Every structure is written in structure tokens, then in C-alpha cells.
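Following this line, the structures themselves.
The same chain A turns up in both complexes below, where it pairs with chain B and then with chain C.
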Partner chain A sequence: MTTHPATERSGRRGGRSARNPVGRAGYAFVSGYVLLLLAFGVLPTGYAVWLALSNSRNQLVGIGNFTRTFADYRFGPAFLHIGLYLVVWLASLMILVVLLSLMLHGRMRRTSTSLRFLFYLPGALAGVASVLLFLILLDPAASPVGWLLKSFGWDSLAQVNAPGHLPALFTVIAFWTGAGGWIVVMYGALNSIPDEILEAARIDGASTLQIALRIQIPMITKWIAYMLILAFAAGTQLFVEPQLVSLASWGMIPDSWSPNQLSYQYAFQAGDFNGAAALSVDLLILGLACAVLVVFRTGLFDRDTG
Partner chain B sequence: MNNDVPVSSRRPLRHTAVAALGAVSLLALAACGSADPTPTTASSPAAFKPVAQEKGSEITVWADATRVPGVQAYQKTHPDVKLKIVTYSGDANGANDLQTKVQLFDRSGSGWPDVAFSANVNDGTWASQGKTPYAAPVDKGLIPLSTLNGFAHGALNPCKANGSTYCLRNDLAQNVLWYNKELMGKWGYSVPTTWEDYQALGERVAKEHPGYLVGTAGDAWTPEVYFWASQCTASTTTGAKKVTVDLHDSKCTRMAKLLDSLIAKGSVAKDTVFSAGFIKNQASKVLMLPGPSWFGQVLFNSTFKIPAGKIAAASPLKFEGDAKNYTGNVGGGLWFVSSHSKNLKAASDLATWMTTSDDYQATAGTYPAYKPAATTWLVNQRSTGYFANDISPVFEEAAELIWPGWSATQYSQEAIYSSTVIPALNSGKTLIDTLDTWQTAITDKAKSLGYTVN
Partner chain C sequence: MRRTRRPRSLAARLTWLIVMGLFTLFFCVPVAWLLLATTKTDSQIVRDNPFSFGSLGKVADAWHHLYAFQDGAILTWLQNSALYTFGALAITLVTSVPAGYALALTQFIGRRMLLTITMLVMLMPTAAMVLPLYLGMNAVHLDGTIWSVILPFSFFPFGVYLTYIYFSSNVPSDLLSAARIDGCSEWQVFRLIAMPLAKPVIALVGFFNFVGNWNNFFLPFVMLPDSSQYPAQVGLNNLLAASPLFNTSSGTGNQIMRPELALATLVTIVPVLIVFLFSQRALVAGMLAGATKE
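And then the complex of A and B:
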């Protein structure tokens, strides 16, 4: 057995950085990111945790802000809304992105470059601009696909924006604005699978479906897990879509439809930054729990053995 | 498991995570204060102490795009005043930008605009509250009482708190009965003077001219147009942060039943007048429309493109059993002078000019709250030749008829109606069906902002 480069590196780690400036270059490269991470990630998170555990007089209140916000009449509906949205959004994202990537990578290689560009295009627009574009599409009177909306029996924006439609509606907007980028990532991941493996499978008589289910998807599981973690975190923090659709529909969507909107209401309507921080920490805990679960279930951080 | 990663390398990470979690848990368990947010303290206007004044210093003005030309006009006539003009949403259409930014400036201790315009008539409720309210009391020597007394009766009510006045009213949005004079004459209909007549005519229109409309109930400001005019106790302030909400009062149910009957007949729409669908398909079929004074130019002229000489205004309606007719109020902007301003003199002068000057107000798009400016404004409206009758007497009458029982609150009745009642109407429910849900929504929202509801 040969010595693995990683083991070798760890054995001489101390001396190398002192003698070889290349060792220090790594630190220089990551330093900018680390500084920004500290300034705009770690410190604000720490401040939010402190706010969540204290009151406006800077006294420690334990979990008081959490229990108080939990008892708020808007807490349950907001988390229920976001829960329903996540179910629809994550399921459709996982299935459609993987499916489209497999199709582009397999049968549609000739047109895949153009199609990947087309899928990515909505994501290249700023998020708010994409949502604004969608607001026109959702109004049966102004939309170029008004006939489609009318075929569902929706003749006005008020009918399109009915409360029961919102999780699906926000999923469509989020998919339109975000899925293209993930398709590009998944396509890249599929490209990393050696052609020899796929070729061998084909020679052994595996069908396209079998190759997808038994080879391609298992080999890009870590990428799918990565997408799941980020999509879950982004989904729980839904804000722009309900906020803008609410403005465009003259307030038909409650101002605390999602937990992030509720947090905004706490901070900027009631001036209660501690309650707002408690809600943000709730979302942080949810995102972290999902990440930890996915990381340990999929071995996302395990190194590939050579 | 990957053998290349030494097990020991994960331990420090785990130890750090466990230590951090432990520290947070200890902090969470240790509690020595109350988690209740700071109760809103009402500041006494007598206690207002200006910051150190810097004569001639630059003042920052925040205004919406509609008001910015006015501020620029002020700058032209006052070249010695150093102005920094910032265009922002003006808190229009439910935006909450001014309060959001002021909350942040309160935390950072700087950045407040010296003068700010807000299109949200409820903004006075928070700007006058707190340990150091954003707004300065303008009646304590900043603006002469003779000027303040020139505003229409009740116009400054949304600015009043703690026995003082914290803002100046830009414009009024008193409701009148708009109607298509040409069609009314052609069909031989008389303009109603009571809500009962209005209902009867609405039923006739539904039968004789199906598709034509006498009103809409799908607008965010339906409560302000119909329920406020009916003297419905949807939001009656009885003290500092105390409000009465009783939608089952007969003065609420009479209007709900009236609208329900006309919605069922089809002469009151469930859509909003500003939706693309309404503008495209129904704007030309509006026979009557109770609504604010700004509907004339903004809605009928600019949005619906109804030709000149057709649209007229009549007095607000009353119920037969009532002694007097009342109207609601749909908007009307406010000008604030910041209590943090280092140049209160210049800031007050600008706010005064914007609200009272004929140079600006007489040509503004909406009805001035300052009475002398309103008189000149009405002369200008006559000269446009757009309306089919002289709107002056109706506008002046309605300006004095805003029911005082419905007060500005920190929460928006418009937003609550939009998110609670309009979806229910569109799902086939009636207004009467939704009164309970609507009442609960107002009560919950009020309580969440520290109001005592009874």
C-alpha cells in the first residue's frame, strides 16, 4: 500500500509552512473570505443570538423571547405556510432539477449548451426583478399566458393569489428564478462521472433508467445533498416573493405570511428587535438541523478515497 | 469511514461545538429580566428639547417622487437654504420604509431626515411615540398656531398625540359620490342622496343595465370608503393605545348587508379599481363610485381615461335614520419635522411651505388640507374643464364631514381588509360571513402592537 498524499501532507505540515511561502499562500487566499465571513456572517449571527437572549434593556431573559414569539398568533400560521411551501418546493426542485440534468446530459447533448443557458437566464436576473416579471405573468388581464390562468377558472389577480394557491405559486416563482443555476451545477456533477463507467454499464445491458438510478444519481448524491441544504435554508427564509406579491396585489397576502416577514414585522413595525432576533434564531436552528441531518446521512464532508 | 482523516482531527471541532452549545444553553437558561418588549412610553411634548442648533446647516428631506418637484420648487425660491433631497417610496401602497429606517437610525443614533413626507396617514401614530419620538411637536413654537388653525377641520387629527401636534397634513382624501353624469342623464336616473337610494339604484342598474357598476368592494380602502362613512366602530380609539373594535355594531352590519346585496346582484365588483383587469374590462362601465377626492384626476382622468365632461361629484351619502352625512378618509399625506434636526427653523419652514404655499399646493394633484390653498386649488380644477359639474362645493362640504370616530392607528385597516376579507369575498363568502374573521384579525393585530382592545 502506498502512502496517501493526505497522510504525507499531515506529517510534514509544521515545517512546510515555515520554510515554503507556498504554504502561506493558502492562508492569504482564504483570508479575504474569512474576514468577510466574520464581519457579515459570524458576528451578525452572534449579535442575533445575543439579541434573542436579551431584552431592550440589555438584560438576559433566557428563552423568554422564544416563548413569547412562539405564543404569537402569527407564529403557527407562518411556520405552517413555510412548511407547506418547503414540501412543494424541495420535492419539485429535487425531482425536476435531477431529471432535467439527466436528460440534458444523456439524450439532449446536442442542444444542452443552449438549454442550460436558457434555464440559467432567469437566475442571472436580480432576484427582485425576476419576481416583478412574474407579477405580470400572474395577472390574467395582463399576462401573456392569461388564457392558461383562465383555463383554471382564475379571471382576476385576486383569484390567482387565493391563500391556498400561495405555496405552489411561490414554488413556481422560486423554481423559475433559482433552478437554472442548480441544473448547471448538476450537469457539471454528472460530467465528473467517468465515461468508462457509463460505457461499461451500457455494454453490460443497463438501460438509461438503470444507469440513472444505479450509477449517476448515487454518484452525485453529495451534490444533491448540497442542493438540499442550501434550498432548505433559502426556502425557510422566503421573504421577497410574498412581500412583493403582497404589494402588487394591494395587500392580499398577510404581512406575516412567512417567518422572515413576521420577523420583519417585529423589528420594523413593533420596534421589537429582540423578538425579531428570536425568530431569526429559530430559522437558523432549523437550517442547521437540516444541514447536520443531511451532512451525516449523506457523508457530505467525507473525503473521497483515491 | 475514511481512514485518511485522523479521528483526533474532529475532536477539537466537536469540543468547540459542544462548548459553544453549552455556553448558549447556559445563557438561555440564565434569565434576570423580563422578555416583554419595552412598553411604548409616551413622551411629553413639553419635555421636547431640541438638539444643539446649527444655524444655516444643511437639511435632508425625504419625499416621494410626486412631492420631489415641490421640494425642488422650494429650493428655487429659497436658494439660501442648503437642501439634500432624497427620493423614497413615501410609504405609499403599504410600504413601511420611513418607520423601518427610523428604527435603524434610532439604534445607530444618527441619520434621521430633517423633514420627511409620508403618504401613510397612520404614520403619525408611531412618529409621535417613544422615549424620543422621531417627530418634533410643531405646535410648541416651531409653527405659528395661526398657520395650524388654517387647516381643514379635523385634518390634523392623525398628527395629534399627547396633547400636541406632531406633523402637518399635506392633503385630504375625503370621500364623495363620483358618477357618470352623461349616463345618469341618458338613463333618467337621479343622483342618490342616501345609502338607501344608492342601494335601490344599484339594484335597478343590475337589472336594467347589467355589467354596469355602482361601486367596488375589492379595494384595500373599502373600509375607509363604506364602513367609515357608515360610522362603523372598526377602529375607534378611546385612549392612548386603547381601541374599540366592534364589527357587529348595527352601523357596521347595515353597510355589510348593503354591499352584500349589491355584490350578489352584480352592480358592486369584487375587484379593485386599479387592477389591470378592471381597467381593461370594467372602467368604462362605472356609473357611480363612492370614493376619495383624488379619484377624479388620478382614477377617472389618468387611469380610466374617461373623456372630459362626463364625470361629476356629488355629496357623500347618509343613511336615512342618521342626522348627518359622514365620510371616510382614504389617505392624505403627512409632513414631519424631525426632533433630531440641527436646523429646526429651516426644516419647519420647508414643511410649512410644502403644505400651505399656493405656489405648490394650488397645483398639486390632490386636495390641499390647508384651507386657503384648497380654495385656489379648486379654482385650478375648474380651469382644467375636466369635470361635468363644479366639484368645489361638494369637496369643501366633504372636507368638513370626516367622521371623527375612526382614528389613525399604528396598524393599517387597509392591509387587514385586503388579506382577510378580499380573499374570502373571492372564494364566494359574503361580507356578513367574514365579520367574525375580520374582527379577530383587527383585534389580534392591534394587540400585537400593544393596544388594549375592547
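And then the complex of A and C:
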């Protein structure tokens, strides 16, 4: 707030000093967004922190809500479920998306364009639609891959949806809807690497693998980091997937499988908004910590040096 | 433009074909199966070959069953989805494009702070904000109204960030200075010079906002108490809960079986599918514009 425009302009960006000194118009242009930012970004966050630190009579209780929710018998399992899911999901997403993008890049252009589009299309079914589809699709009685499921020894939907299978199942669903979009992004990033660099490496005798490992992957690190942050944040937030699977599991899957579901239970089953807020703050801190870590490690937002 | 390809070994080609073939099956089979499932009765889905085609008449039957659920609730849900999505989209575009422009090309006190907060908020997990948002809406008695869904949807920091990047890397500020010297007001500079140049990024922001809002489940699920207010995504959840397929106790009064669920899923995603088909080219171009940085 205290940075004076003139000092900022001359001090920070010598090369880009042609920015126009039009203070009042600038405020008018950002005003709508700032209102939304305050009302739906800053204030709810502040309110959540306040609720997490206070009790139902508006008295400050310090970290009481955090220790209380931590001691809940459902807390450990919920975060363990999410942790397991994140390991499976992030590992497969990172490896497969980068691999597929590299394989699509530098091959028959027309085929690769149509393949990218086909991979990307399931993204239209994100959310409830994809879970619903997989719930019907993975019922061995009606499934087109029933033979495959039965070869694992699963004869009913309940066996496919067994609690131990959920991290893998949610990974399949999330990969099916989300990977295509990331492949489009990675492909774009790979395209931005100048051909001369790859050509020079080839002339020097580098193999496809060496080019991928030493040139292409290092040059798209920022985009991989960006994918990691967003996938991590989305992964900790699972709600609709376990909610629907739990609905269709005849009580086998608890309705507090993920932290967000647990938070929902606190708020709407127990009417404990302070506990719910504490859980939300846990998740916010988790997501932000990961984001900040990756941003600093990779310099994701350093546009001036990038 | 195309790099010269080295001759590759047969084994490498074969591996490429097999891997791509498997992933193509993985991504396409569920969609194909979903389309075919609507053309069959529930028992045909179980008995017949999974990839057989039933008849178009069966699609009509499934639609009648689906429509009968709560007297055409499916249409109400779709209307609600459209209202929430387009309402939020309009507010998003009106607020985020000028904001991105101002952050990139004008100078005002607090600009850097606003930019930092925007990046921070962009990285914040949105689902964790749903309950705090509900409590805030509850405090101002807006929960349960359409505004409790439209307004949070229209707050879209990612859109501001995208337009900010686009304006700061694609529009030289000399161009704007020239227009100012020619006597344009700030508003005219924005509307006549910046906006026409920003069409690709406006389309991109619109795309992400539309798809995100249309597919959002958690926020409307928490905010809206009444089935007549649900968007399609929350409606699908109701269908699932009411289907005799998954719930033997509550699902006796209706015929929501696999074909009906498949059809409901398809009907729900049609708008997103249309947007996807039309925007793929713009999307790739827009992403490339964001991907190349000097």
C-alpha cells in the first residue's frame, strides 16, 4: 500500500518504465474485482480463521478447536486416506502426463492433434458426471471391462468399491477427466522449445531419451510445478468423489472419508461450525504450504527472470 | 517449421502405437459405452454385449422415465445451471478483464500488493473455502439465494492472472500512450485498443470460468437447500440417491436405472461438450500464448 508509483516504476523495472501514470483510472478498472476479492476471498478466509480460533459463544479459545478435531477418531483416517490418494494420484499424473506429452510431441502431427483432443474430451465429464459414469461402468454385472474386474476376483460393485481400492479408483477417475487438459498444456510448453536446440542436440548425437531428460523436461519444469501445485490442492479437496461412492456403497464407505467431508459433517450434522472451520483452515494451510514451497523452489512466478 | 525426423526403429514405432492405443481405449471406451447405454434397457445393459446398439426408441423411453422424476426436475436443474453459470460468467468478465488490464498497463498505489494477493488467492484450495463462504453468506442472510452461488463463482482470480499475463506480454504500452496523445480517455483506450486485442484471452477466461462453474458441485450443494434450486450437478447426486439401483429403500417410486442415469449424465454435460468442441483451437492457441515467454 505504501509503495509510491514513481519510486516503484523507476526502481524496480528499469526496462519497462513506459507504464502509464494514470492512477485514478487504474482504481476504477480494478474496483469490481477488488470488491469480489474482499467479499469472497479475504473476508471468508479471515472469518474462517476467527471461527477456528473461537468457540460458539465468540470467545477466543486459541488452538482448542484444532486439538479437539485432531483428537476425533475420524481425523486420522480422513487425512490418511487423502495422503494415500495424493501419493498414487500425483505420481501417476506427473509420470504419465509428461511421458504421454513427450510421446505425442514430435510424432505425426495430425494423429497427435486428434489423440490430444480425444484424451482431452473426458474433461467435459468432470465432477459428478464422471463419478456417476464410473459407478455404473465398474459394476461387474454391467461393465464392458467386467472380464478384467472378474480376473481380479471382484464380482460385485461392493468389491470394486472396497475401502482399500478407493485411492486407486479416484486416481483412475481423476486421471480420466484431468490428464487430457494437462497434456494439452505440456504439449504447448514443449512446442515453445526452439527447434534449433533439439536439432543441435541431435546432431551432437543425443538420443531421444537424453533429449527428453536433459533438455525437454528441464525446460518445462515450471509447467510441471504448476501442475503439481494445482493437482495437490485439488487432491486434498476431494469431496464429490467419496461423497457419491459412499452414497452407493450401502454404508461400507464412511461419509467422513475425506477431510472436506469430515468438515461438512462437523458443520451440518453436528452444527459445530468452529470445528468445521478448524478443519477448513488445516486444508488451506496444507494447500498453501505446498504451493509456496513449489513456487519458491521453481521460481514459478518470476516473470522478470523467466 | 517441422523438425526433421530421424528414422526410428520398428520397436520404437510399435511401442508408440501400443501405448497410444491403450490410452486411447482408456479415454474413449467409457464415453462410447455411456452413449450406447442410453439406447438400451437396464436388463439389456446387463445381458447384451456392452458395445451393442439398442434402439433410438429406448432413448425416448429413458427420457420419459428421467423426465417423470419429480415432474421434470431435470429441466429445472439445467435451467438453474445455465442461470448460475452465465450469471457468474458475465460478472467475471466485467470485473476480471479490466482488472488484469489495469494491473498490467496502468500505475496505481497498491498495484503490487493486489497482484501478490491475487496470486496467493489463486493458489488457495477453493473447496476448503466453501464452508467459510457458507458461514459468511449465512451471516448476511444470503445463503439459499441464487446470489450465494453466483457471486462466489464470479470471483475468479485465475482470470485476472491470465489477463494480466496476456496484457503485460502482448500489448505494448507505447500503443496506449499513442492513443492517449490522440485524445482518447482512459475508458476509450481500454475499450477501443486493449479490448479488441484481448479477444483470445477473454475467450480463455470465459472457457475456464464456464466449465468450472458448470461442473462445480460442493458450493451449490452446501448453499442451496431446495431441489428446485439445484444446478444439474447436484441434481445428478439426487438421482443417484433416489435410484433403486443403489438404494433399495427410497428408490421404489421411480424408474431411475442405468439408462436413465447415463442419459442424465449426457444431458448434463452437453453444454460443456459444445463449448469444448468449439473452443479447442482457441484454447490451444491461448495456452501457447501463455506458454511462450521471452
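Things to note:
Operating definition for what follows: the second predicted complex is superposed on the first by the 263 of 306 C-alpha atoms of A that agree within 3 Å, B and C clash if a C-alpha of one lies under 4 Å from a C-alpha of the other, contacts with A are read in each partner's own complex, and residues count from 1 in each chain.
Heads up, the rule we're going with is that contacts are C-beta pairs under 8 Å (C-beta built on N, C-alpha and C of every residue); 3 or more make two chains touch, one makes a residue touch a chain.
Only a predicted model underlies this, so the values are computations on that prediction, with no experimental measurement involved.
By the touch criterion defined above, A:D195 lies against chain C but remains apart from chain B after alignment on the C-alpha atoms of chain A. By the touch criterion defined above, A:Q261 lies against neither chain B nor chain C after alignment on the C-alpha atoms of chain A. In the superposition on chain A, A:L247 makes contact with both chain B and chain C. Judged by the touch definition given at the top, the superposed model places A:T171 against neither chain B nor chain C. When the two complexes are overlaid, the chain among chain B and chain C that reaches more residues of chain A is C. Once the two complexes are laid over each other on the shared chain, residue contacts for A:F117 go to chain C alone; chain B is not touched. In the superposition on chain A, contact of A:T45 is made with chain C only, not with chain B. Legend: residue contacts after superposition of the two complexes on their common chain; A:A141 is shown touching both chain B and chain C. With both structures placed on the common chain, the touch criterion links A:F273 to chain B and to chain C.
Where the contact sets of chain A with chain B and with chain C meet, they give residues 4, 141-142, 247, 267-268, 273, 303.
Interface residues of chain A facing chain C in the complex, by the touch rule stated above, are 1, 3-5, 8-9, 18-30, 32-37, 39-45, 47-48, 51, 100, 103-104, 106-107, 109, 115, 117-129, 132-137, 141-146, 176, 180, 184-185, 188-189, 191-192, 195, 198-199, 202, 208, 223, 229, 233-234, 236-237, 239-240, 243-244, 247-248, 260, 263-264, 267-268, 273, 276-277, 280-281, 283-284, 286-288, 291-292, 295, 301, 303, 306. Interface residues of chain C facing chain A in the complex, by the touch rule stated above, are 1-6, 12, 16, 19-20, 23-24, 26-31, 33-34, 37, 45-46, 50-51, 91, 94-96, 98-99, 101-103, 105-114, 117-121, 123-136, 139, 151-152, 154-155, 157, 160, 165, 168, 172-174, 176-177, 180, 186-187, 190, 211, 215-218, 222, 233-234, 236-237, 240-241, 246-247, 258, 261-262, 265, 268-269, 272-273, 276, 280, 283-284, 287-288, 290-293. Interface residues of chain B, counted against chain A in their complex, comprise 1-2, 4-6, 24, 27-38, 93-96, 99-100, 103, 106-107, 126, 130, 218-220, 270-272, 274-281, 410-412, 414-415, 417-419, 422-423, 426-427, 444, 448-450.
Across the complex, chain A meets chain B through its residues 4, 6-7, 10, 49, 53-57, 59-65, 67-68, 72-74, 139-142, 155-159, 161-163, 246-247, 249-255, 267-275, 302-303, 305.
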